[in-house]
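In what comes next, chain A is part of two complexes: it sits with chain B in the first one and with chain C in the second one.
Up next is the complex of A and B:
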């Protein structure tokens, strides 16, 4: 038996707990955060319950159906165009008045609405009492009390939603905001103007369309023009006449007057259903903000938090990283002993383990970093960071809000670039997208740790902090340049809500970490594994190489000559001489492998790249590693693992292999600078394309960052050489 | 008489320039154009009529901008709002009396007339000393009247709010878009707010009820507030 399917949309103000309820209903683990704009794209989940297949849609938060930014447009368009069977309006009970504003607008679209009075527990502690029965009666719609984070009332909510979807109530007759005489007059005149003309068929319900046109809603106006064609222009003209009329009558723009009237309607409802018992309310968040956003203390505290985040990532991450490292080594050695020599063994040890193993050890660091970012998000500190960074962001003509994507960029650029949807100005968005990749993402972290760990062992933490910091500085400089050239624009009016501070839910933090680990392991099993195999194959073939010297003959002759020496020494010095022999053979062996590597396919690719990277102090292996980093930044480490490890006989760690190569601390630094700036990974490039919707900007982003990377690394390396480092 | 009239207009324009610049009002050039055209009108105009006149003179301006400018002009005493029973709102040029000097309160728009013979004489002396033949004079002193000063009832912009100051929102200026944003986010006239952080530059933090907002400086300038009495 096929189930009947229903679509249920979750709408509501930002931070009213939509995603928490969504997760509770669907059992999925969407990311929940405590800052406006966590959900920037609608999310779908399907559950079977009570004999129905329920498609639940989690919409981005909106304050009204008058959208200002992209994520708000996403939410409105879904409700309007997809016509869900039921819209559940999640109402923050402690912010009833404002929540009802969106509710009155949802009612105006004539869709079936159900209220979930969420966070009723918070409201109760604030001494707020809401008469739900009365509210339900006044607005003529079902209401369910829910507590999202304790998943109370969720089943009842679903039951009521199904009930409502199956009922055939006529929503158009339900109680709506009635505007004053003059506005209603204009609405009915416009309605008869439209109905007189049978050619006009509006894209949405008539009353709602008229109201939106009177409110000068640009998107609705365009849709009407598109759908109705020439007649549409007449409608718009007629609306314009009424707009002027009303504006003169009320001495204000009609949208403002209508908004006031809606609030008037709400005030009437509130009077009947809303009571506060205690007058004296203590707002803890306000008190915390007095300190954390303080004009003197706020910023230093913020810097301390960021510093602490990186310190935790490195110092605490070292221990589990060592355990993993030992594990990988043990695995590699025991596999070496178990398997007979073959191409497969070579592939497993020098390809897969060298490639994947060299990256997987960084899982703890990455988890700690994401844990810290999740803490910022869930406590509500994220928006405060945006406020504190505002002064600095203003240097490039951006609001502090643009710093939220940048801070997320420390984790991963893909969600960071998606997060720019909360920015209202198109130019601000593009500018933020262009500079966000300079925030070192977690995939670049392994590269830094490997290189600093080897070449700057004692000062590793500080060097990495400097690299991150350099990323921020360069982002700001580049932003400043673009702002004054390509993306000129004035400051847009700015207002952002600061969510209340909340104690983060352990469940939510675990979801963050689990998601991240899953993604990381998936990457390891997928793109990194394949990449490692490809790189190994390219470096291990062709098998039959024409060597410039006959190594085997040379080794034999060396062995023979030492053997005679051992015999001559008559057992006295034999151990010492044997050591010498081993060293001589190892040297020859290394030269042979090095030549083999250079003549492999990989080596040939590397040779082509070599001239590009030589001025940066990076050899062909490094060049190849950087090239493979386009697929995913972790692969840079994998490639280095495969290429450098294959050469150094006896040194089974990348550390020894790198130390014995030509790389110096200076060239390592140049390489890190290059990694910091050069083109983002393929997933990020795809996201940039999707979010800017422009091929031109994507190409620009890739080109300028790579050019900048080359120039910066060149300056570091050549400058350092001149200084004699 | 005609010349006299023009003289008045020139002087008013000077005052307009001085006052608007002193108060750092944005888009000065456009607002000045609105003022110039407004001065040329003889009757009571509505915003749309004025907009049409501006159009005829080749200025393409937005109606909500013109309305905002007219409101500012009322605030500074250049224009007066009138509305006949249920009709549209009209604005008229404020014709000030000829025979008196005036003190004009920019906050409550109250006009205080005064006459001082000493001052009159002094003006004649000054003009005479420079060989200037005086035909007519008009003396207007702009400021805040004693009433407004006493009760501190003048709305100030939110930008001036200090940390911990308890205020109430009195009005919004500026375009409809910005105001809609504030309204839908739950910031309305009559709301009581507390200053949380107000740096000398950049954004500020305010608290309304149990909500907190970050507001950009430009937008805060458009929110008019008054100290709250307890």
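Up next is the complex of A and C:
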């Protein structure tokens, strides 16, 4: 027997714990964070429970059913268009009054609603008492107390939801907001106008549509015009007459009056169900904030946190990185001893291990970085960062909220770009999307560590910090420039909720790290592995190269001449001579390999690229490495590992290989600047396309960042040379 | 008195919320409407935006927007 399936949507204000409950029910690990606007897309999960197949939908948070930004539109559209069997309104019980605003609107659309009074623990510690029975009776709907992060009340919530879905209550008769006489009058007049005309079939329930039209909701108006056709225009006209009438009567827009009335209705309910014990207790969260957003130390602390994040990433990450590095080396050496010389061995050691192994060692650093970002997100500091930075962001014509995606960009650009959905103005969004890739993502970290470690050893930390800082400055300057040229206009107003600080859940942090590691390893086993094999293949073939010199003959003749020398020396100085012999052979070997590399397919590609990168002080291998970075930024290091290592005979570390190449500290710096700014990886480009919905913006983003990267690296290299560095 | 003129630690009752319609509605929907009591928690280090407590939660607004809101009974 197939199970009956039910659709249950989780709606509610931002940051009320919807995703926490969704994860609880479905066992998934969608992202949770203590700031409004974490979830920006709807997410589905299916579970079988109590004999039903439950399709659970996690929606982005929204303050009202008159949406303000795109992620709010997603939430409303789902509830309206897909008509889920039950809508669970997840309410932050410590924030009841404002949460009920959305609840009254959900009631108006006549769907089956059920309340989860989440964060019951927070409400309790704040001395808030909610008479749930009374509230349930007044609004005539089921109510369950829940504590999302401790999975309390979740089972009961589901049971009640199923019960509600199966009951055949008539929702239209339930208690709703009753507006004042004049508005109700207009509603009923409009209703009879619509019902009189049988041609009109509205896209949504009549009362709700009328209310939204009276509220001048643009989206609903357009849908009505679309769906109803000519008659729709008449309806809109009629509504307009009533809007004007009401505006005259109240001396204000009807939507404002209606908002007032809803809150009036809520106040009436609260009087009966809500009590607080106002013993003045210490509010820890407020005290923390007195320090963290303090007039004098707020900014220093903020800068310290960012500094500490990178400091931890590098200095703490160095130890496990070295262990991994030793492991990889050991593996490579033992494989070398175990396998007989063959093409396969070459592929394994010089392709796979050189490629994947050179990146995989950075897992600890990347994890630490993500851990720090997760701490910002889970404690609630993220919104404070936006609060602190708003003034500065405002100077460049952006929004404090834009700073949240930018901070996330230090981790990975893809979720960062998605996070721009919470920005209300389209221009703000595009602007933020254009500058977010300059916030150097974690995949670029290995490149910086490798290059600074080799060329700036003692000052490595400072150099990397400067690179990151340069990224932020360039993002701000670019933002300023675009704002005054391509994307003119004022930024949207800044209205943001500041959630209380919460202790991050250790479990969720660990899970987050685990997921990150899995993602990283998957990437290593996928793109990076394939990429490494491809690069190795291109650099190892063709096998039958026409060498310019006959290396084998030369080696033989060198050997022969030294041999006679050894015999002539008669054992006296043979050790010394043998050393010289080895050196001479190694030199020839190196020349041979270098020629082979240059004549390989990879070398031929490199030759084409070389003129582009020469002015930046980057040789053809570096150029090829940068090019492969389009696939994923980690692969830059893999490619360098394969290309430089293959040449440096005897030097089994990338470090020695790079040191013996033409690269200087200055050209390494130019390369890092280039990496910081140039085209984002393919996943990011796809996300930019998806989020801007425009091919033009995507192309623009890719070209301007690459051009900028080239110019900046050029200035660094040539400027540095002029300064005699 | 304008909301933007209030000092840290003062309370007041909202009298009127002005401004452009979309923002105005959002501010109202968030509970900043006539008759609500508000408390000015603090101003950001650079004096903008400000943080206030309304209906039991913390909300931040720019000074520019707060200048569209009038308050009475300021204490």
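Just a few scattered comments:
Operating definition for what follows: the second predicted complex is superposed on the first by the 721 of 725 C-alpha atoms of A that agree within 3 Å, B and C clash if a C-alpha of one lies under 4 Å from a C-alpha of the other, contacts with A are read in each partner's own complex, and residues count from 1 in each chain.
Please note the rule applied: a residue touches a chain if its C-beta (ideal position, glycine included) is under 8 Å from a C-beta of that chain, and two chains touch if they have at least 3 such contacts.
Here the structure is a predicted model, which is why all the values come from computation and not from measurement.
With both complexes brought onto chain A, simultaneous placement of chain B and chain C is prevented by a clash.
In the superposition on chain A, contact of A:298 is made with both chain B and chain C. By the touch criterion stated above, A:98 is placed in contact with chain B and with chain C alike.
Within the superposed three-chain model, A:64 lies in touch with chain B and with chain C [touch as defined at top].
In the superposition on chain A, A:497 contacts both chain B and chain C.
With both structures placed on the common chain, the touch criterion links A:283 to chain B but leaves chain C unconnected. Of the two partner chains, neither chain B nor chain C is touched by A:410.
In the overlay built on the shared chain, the residue A:249 is in contact with chain B alone; chain C does not reach it.
Residue overlap on chain A between the chain B contacts of one complex and the chain C contacts of the other covers 63-64, 66, 68, 94-95, 97-98, 101, 253, 255-256, 259-260, 263, 286, 289-290, 293-295, 298, 387, 390-391, 394, 400, 493-498, 500. Looking at the complex, you find that chain B touches chain A at residues 46-48, 63-64, 67, 81, 83, 86-89, 163, 174, 176-188, 194, 196-203, 205, 207, 210-216, 218-219, 222. Those residues of chain A lying in contact with chain C across their complex are 63-64, 66, 68, 94-98, 101, 253, 255-256, 259-260, 263, 286, 289-290, 293-296, 298-299, 387-388, 390-392, 394, 400, 492-500. Of all the residues in chain C, the ones that touch chain A in their complex are 19, 21-31, 33-34, 41-49, 51, 55-62, 64-65. Those residues of chain A that touch chain B in the complex are listed here as 63-64, 66, 68, 94-95, 97-98, 101, 126, 216, 244-245, 247-253, 255-256, 259-260, 263, 281, 283, 285-286, 289-290, 293-295, 298, 383, 386-387, 390-391, 394, 399-400, 491, 493-498, 500.
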